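Letters A, B, C and D name the chains as they come in the text, with residue numbers starting at 1 for each one.
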Amino acid sequence: MEPQGVQIDEIMERYPDKPEYLIFLLQDIQASYGYISAQAMQLACDRIGVPLTQGYSVATFYQSFRLDPSGEHEIRVCLGTACHLKGGQRLVEDLERRLNVEAGGTTEDLRFTLNTVNCVGACALAPVVVVDNEYQPNATSKKLEKYLKTIDALAGVEAKEGAHA
Amino acid sequence: MITFKIDGQQVKARPGWTVLETAREHGIEIPTLCFHPAVSASGACRLCMVELREGTWSKLVASCIYPVAEGLQVHTDTERVRNVRRWVLEMLLAACPASPEIAALAAKYDVVRTRFTSHDPDQTCMVCGLCARVCDEVVGLSAIAIVDRGVHKRVGAPFAKPTDICVACGSCVTVCPTGAMQAIFDSVRGEPTTALTQLAAQ
Amino acid sequence: MPNLSTALKMDPWRLQSGEELNRLRAQIIAGRDPQRPEIIICHGTGCLANGSDKVAKAFRAALEGKGIQAKVMPGIKTTGCHGFCSRGPLVIIRPQGLFYQRVKPKDVEEIVDHTLVHGKAVERLLYKDPSSGDLIFNEGEIPFYKLQQRIVLHNIGKIDPTDITDTIAAGGYQALAKALTTMTPEQVVAEMEKSGLRGRGGAGFPTGRKWRSALQAIKKKGRPVYVVVNGDEGDPGAFMDRTIMEGDPHAVLEGLIIGAYALGAAQGYLYVRAEYPLAIRHLEIAMHQAREYGLLGENILNSGFSFDARINRGAGAFVCGESTALFTSIEGKPGNPRPKYVRSVEEGLWGRPTVLNNVETWANVPLIIERGADWYAGLGVPHSTGTKVFSLVGKVNNVGLVEVPMGVSMAHIVEQIGGGVPDGKPFKAVQTGGPSGGCIPYSLKDTPVDFDSLTAAGSMMGSGAMIVMDHTDCVVDVGRYFLRFLEEESCGKCLPCRLGLTRLREILDNFSQGVGSEKDIEDLTSLSQAIQDGALCALGSSAPNPVLTTIRYFREEYLAHVQEHKCPAGVCKDLITYGIDPERCTGCMNCARQCPAQCITGKKKTAHVIDTHKCLRCGICKETCKFDAVFIS
Amino acid sequence: MSAQAKTGVFLCRCGEHIAPHINLELLEGMLRQEEGVAHCETMAFPCLKPGIEQITQVTADKQLNRIIVAGCEGRLMLNKLETQLRPLELLKGQIDMVNLRGHVASVSDLDPDQKAQKAAKLMVAAVSEMNALHPSSLTRAKIQGPVMIVGDGIAAYPAAAELARHKIDYLLTVPSNDPDDIVDTVHETYPGERVSHDRLKKIVKEGLSNPCATLLVGYKLEMLSGVTGDYHLTFTNPNGETEKFAAGAIIACLDAQFGLPGPGFGHDGVKVMIPSEMERHIQKSGAPKGTVVFWVSDYEIGQPEFAALSAKTAWQMGVHIRQCAPTSKVVMLYNQQMEVPLTAAERAQNRALDILWVPYDKAMQPTVQDGYLTFCNLSDHVEHEILWDYLVLSPQRMVSGQALNTAHILGLVHKHGRFLTGHHARVRPEMVGREETYLAGSARLPCSLQDTLAQGRKAAAKTAEMFHKSAQGDLFVPRVVCVVDPEKCIGCGQCQELCDCGGIGVADGPGGGLPRIVDPMVCTGGGTCAAACPYHALVLQNNSNDQREARVAALAQRLGPDESMAFVCGWGGLPAADVAGKQALKYDPRIYLLGVPCVGQIDACAMARAFKEGASGLLLVGCLPETCHHSYGLDHAWARVSTIKKLLSLCGFDRRRIALAHADLNHPLDFVKTMDSFTRSIAAMGPIPKSLENQNKLDALYGLIRNNTRVRHLLSAGLRRPWEEIYRGDQRHALDYDRDFSKVLAEEFLQQRLLMVFRKAKGPFNLDQLTGQVQEDQKEVATCLWDMVKSGVIHFSHMKHEAVYTLRK
């Protein structure tokens, strides 16, 4: 995610207001906010002059867009053929159990989003899991557990949510 | 004038016509589901597939979008065509078990049962997209979105909430070939405004 | 966005002619000291994931710390992927050409000390020939490289892709200069036709013929015409396009500009998967630099020809690799394919004539123009000329990128270059062509790898992914994998594809559960036929291929699932059970602790037992066990 | 143009959908006999390319200037026909469709010949309407600058900047021409948006200072007149003088204001405040020290829909406070029903800044005490306390003061609702977005600063698009809109009061007795105004009452004794009928459907005409009251139907011969029930007996409702106004009103009948003769005659010692 304070109208001004830039806009919104809210979608569609339905169709058609808030950390498990053969699916199932979310979902505390991805093109490292754009080569459930714990621990130091928990 | 053959019958057409249009003009029947004259053809349902032959070469094309050409040999009812049609209809029976229109169409082509299990016994929508096309092309509003992709593809209002883009003209309900839009319609049309208190009174 | 100006190592210089390009090249080369030591660190995605950026950092720190500055400061160059990904991170020390593999940051000190200061090799980091056990010092002598013919990949691993001067020094943009100054557009197209180059994206349509038809369409409809790079490399297991875009972005760009010149296009698009951020970055830098040097944009090389291009990031849709879907995506819409009864060279992007070629195809263009069609046509076999880059992955020793002439045998690639399957047994099958392709069994290992032979074998070239499968891989499972993949990735527009793929998969699901009969195999074939005939685009019409080829070559394995209720490969969950070999189990309790279902019991130092009723068959125990005591039956 | 109507009829076989069910040869034969039909032929598919090419050919060859296609749903197909037949220069209104497939072929078990008979009646009716059409010519709309941006909302600046980008001149009312002043006060309407102030300042500067701008500093809008493209706005300038400006378009930028929460929340403006007050505090004395509690109290002050907005801006303010005063504590207290509106990154920031979010049980309202606040904890349901040094509450959001005043002048205050959002009926695609074209800002509906800025920009972009289209000559005046005949208009203003789209005004000046004009770019073509005009001065062009009467008459003359007809509204009845037809639901075939855009545009005289021409029953099938696209079409139709009912009673006929019904297009089965029930009840009544006397009564009924301005005035005065409470079928008027109105009707009806007696034969007549003619109570007749003498309609004299009456010339 991009640093804080990116205002939506700043994003809107990055591209000419032509329909062909719809995907560009949505990608930038996704990158800044982690998801595309109804409001942001409306703004983007209005800006470039396409009906809201087109924005919605695009956002649901392409896998990289989310319509609900994503977690602070994104885990993407590669399910390319090579990763599949080397147990990528098992990793997904394991993570689903561990985080208690379905693939594509976000944990209730909005810490983790678990996604699968068709192939990140790093087949030599199969199975691969990408956590926050960090490749985890030759992943095993044990290695992942360890890695997630380190992230979680970092977050835990900051976390003092008190009554919100 | 372009001359070609459909099922052995010599037909004449003008440039720009499709094979389906020419067939209909000549009273030759080709089944369709996602085709409606009010909107552009999308070639999605594949029921209107016909076989083009030239010697040993042959190819299936969607007649609703295939432009006519001189000397075409079109066959509307070959084994290959029937194979596609039968499978599509059989799968439709399982996909839209609650639609009498689908059942009637399938029965017309001798498909009365399906070997597949149905995932949703109340389903009638087969996502041909006519509703969305009508809303966009005829009504000019585009209130109905084609949502998601692949096996999850469906139609509905953006964010699955009634939308005030919809003016409730019902063109989508009228155009829907399976009656599915009746069920979906109420989730698209919405109350245009949030009613609160009287402003004029202030 | 990185600050692009910092990526530039010299002042921008708008080149005014081909001679100026040559002069610049000579100047760059003259400025270099051939004896200056150079540390080349692979920064392909594979090596980066294994920490090559940390290795580079360690080198920088070490060099500063050592104070080698006094002598000749070695240069550090980060390059694109060398292809030998299973051995990463890779480091090459020039001028000796020492090839170090699996280098960790902690090894850096030693390399600096031994190699750079004292000129000796660090033997433990060298590649050891697995058969002879000999140490190999140089990259070129390693069988993995020696058996290849690297044409398209020739620069990758040698140049710094973020520095245009490095590309120019290596001969980049020579072909463009040649085309712009000595050839007419017509000659360029003729040259392409003569080369016999066929599209590297999958179907293998002759590139020259495509350009020719585009010219005819332009005659009819006029301009604008668009040129598009298809960098939406979606086939799982394929990463050659990524490597080319990351490692030699200028080659793609140069090819595109030459194509634009041949067709008279003013605008081009590079459609790149969003999953390839590094490729996008390198292309952006390359385009920026090319513009600065007058190789892209207005009045290129002062020839009067103007052309510019833009990058479109994909948003995660496999189907956008299909040409018409890619166009709708560039137009800002959902990537639904359009029926192709009018070809895209006539009606492509925005209904205009459009030439779309795959990354590798475009990267071939400068080679053909520079060295001539005759030279190119001499490579490979008559109907499939040139070389092809494959990504060799799966159950194979040497995982990585391989470039060979068309027509070499499957066995040559997998066994010679790839070093065979890890456990030494013969491979079971090679899956080529991704979800649209098929599985070539071991019995057809001598099949020449070219467009037509692969198609004849029921598979296809595809973009060049080769996934090697061994006896622990189940064909039913692979079929299900591809179908599930396509179910998610289908655009869902046409019924045969949207409904049919699910139904095919359901039949295979039954197989994997041991339910079904021979008649189901007939259903599979008949439904597959309907999908092939009925689907709207190539995604759908080729979707049944993985199933059809596996039925063709592994029918008995299908039948074993339903007749004997077993999965010979031990993959299909419902037909296998996990057990622990009491002989091997040491009672370390590792598996019991890891088991998510807590179905493994046993005391410390005594053999453990799996409660097969509770077992989820997740395989974690097998993965965990250090003593290979967990078995599948 | 097209002085002589030449109407071609094209019958569609529609594969197996029409041809086997309706004997098309018979139908074609019958239609060929009709005088009004210039051409008739049967085709395979008139809707497909081969068919359209054929129609084009025939139309050109035979020089047809009207086309009727008998096929399926015009709602779906007409658009295509209009587009594809454009080369023939046939305009909207000159092409029509009759849904034989859905209204005849599939909905009954009649045999093909009978269905052909039924179809023929419908077709002849359609042809008659077509022949009565006087097509208007195609006019281009001219809209030129400058654009007037009024309302002082913050959206004005992005709107201005956008207009400048399109090089369109604009007039901009501003409170000050110093960008700093404007940004320094923006927190009064958009608190908690400090992050955006720098960017905002840039936009404001852009809007204020560029060559396209003319600034009106401190001007107050007083009056608006004119139409789109030609507006006149009157302002009071800071010196108190009146100044007038012309503008091609208007953009209203209006922001909602904040009100104080009630006394139950402890507001004191010093320690307990609303966000704008806190912002003022920050501006004056910096970020507050101590514990600042933001209580998102929207649920409690009755505006839960704005809780997320309040929470987000409060949180942003909290972030600012924490960043500027790290020792301060910030607590967000919120109702458990609200979802915390933070993204993942913001949550991380929230954690880093240590801002506490505390939800409370919705069952208990928190209580503000001095220095602390009690709330019911979610986890243990025990009352907990939060200490505060400053407490910030959610504000009441409303439109008031100058913004409300401006909204009133611009006609943006519609119907009910606290804000100005979404009130124009959107019945044509080009109408969509008009509301946004006019209006931007939180007065539309409370929103974030970002949204407001985007709205302003969008309004300007849409306006610019309109200007551009106009300049290109691509902007056309919609075809079906109202036009005023200034000769007939007396300036009574009924239409303007009834207009729901805001399209009727006066050309210039304050109103009063001045003739009205219609802004065709705003008019939605609802037409209830035209139907209400006492003088027929307002006409819905290309869809006029004359056309409708022609159609009604043609059909009524041909109806059988037990047959009835129904007007079906384009949003309710017609689509319901179409859907019923599509599903082949069967209903009584003795009903004949006539599609109309809205039952509210049916003039009462068209209803009367049906009976005059021999109809036995008339049904009006509208939509559901809440869903009327023209606000009160159904309600207005009800009033007209009720008038006809009273008149039928006065004639001595069963008043149930005319009725109003509702249909929802998604409930075709209910529609079938409606059809069956009405048709059967009319068939049971039988026709109105044919007699001279009855015909005289019906003629009088029609004459009264068409020409009697007193009755027409009363009728329109009694119609519900758009600003009145929504119609839910409740009692419209007090019973007294009904009695008075009935009395007037009786009076006028008797007068009308007497008048007709006079007109038929010269007279003079004495009282006995006249009483005998009308068969009414002699005393009433005498009173009536005396009224008529007084009003100068008839002449009173003595002849052979007897009082006699004659018609005045």
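Basically, contacts are C-beta pairs under 8 Å (C-beta built on N, C-alpha and C of every residue); 3 or more make two chains touch, one makes a residue touch a chain.
All values derive from a computational prediction rather than experimental measurement.
**Q** Taking contact as defined at the start, I'd like the list of chains shared as neighbours by chain A and chain C.
**A** Of all the chains present, those in contact with both chain A and chain C are B.
**Q** Report which of B-D and A-D is connected by more C-beta pairs in contact.
**A** Taking the two pairs in turn, the one with more contacts turns out to be B-D.
**Q** What is the distance, in whole Å, between the centres of chain C and chain D, each centre taken as the mean of its C-alpha atoms?
**A** 59
**Q** If you average the CA atoms of chain B and of chain D, how far apart do the two points sit, in angstrom?
**A** About 33 Å, centre to centre.
**Q** How big is the gap, in whole Å, between where the Cα atoms of chain A centre and where those of chain D centre?
**A** Spacing between the chain centres: roughly 44 Å.
**Q** Taking each chain's centre as the mean position of its Cα atoms, how many Å separate chain B from chain C?
**A** Chain B and chain C have C-alpha centres separated by 38 Å.
**Q** If a residue has to touch 2 or more other chains to count, which residues of chain D qualify?
**A** There are none in chain D.
**Q** Would you pick out the residues of chain B that each touch at least 2 other chains?
**A** 141, 146, 148-149, 165
**Q** Quick check on chain C: which residues sit in contact with 2+ other chains?
**A** 317, 334, 489, 491
**Q** Which pairs of chains touch one another in this structure?
**A** Contacting pairs: A-B, A-C, A-D, B-C, B-D.
**Q** Okay, in this complex, where on chain A does chain B touch?
**A** Chain A reaches chain B through residues 38, 41, 51-57, 60-61, 67.
**Q** Which residues of chain D touch chain B in the complex?
**A** Residues of chain D touching chain B: 15, 44-45, 47-51, 53, 73, 75-77, 79-80, 303, 305, 398-400, 404, 413, 415-423, 426-427, 429-430, 432, 445, 570-571, 575, 578-579, 582-583, 626-627, 629, 665-666, 723.
**Q** Within their complex, state which residues of chain A touch chain C.
**A** Counting only chain A, the residues touching chain C are 18-24, 26-27, 48, 50, 54, 57-58, 61-65, 79-85, 87, 90, 93-94, 97, 117-126, 128, 133, 135-137, 140-142.
**Q** Over in the complex, which chain C residues touch chain A? Could you list them?
**A** 45-46, 48-50, 85-86, 88, 233-239, 242, 273-277, 312-318, 329-336, 391, 393-395, 399-400, 431, 434, 465, 467, 469, 473, 478, 481-482, 485, 489, 491, 594, 596, 618-620, 623-624
**Q** Where on chain C does chain B make contact in their complex?
**A** These residues of chain C touch chain B: 317, 319, 334, 339, 341-342, 486-496, 498-503, 506, 523, 526-527, 529-531, 533-536.
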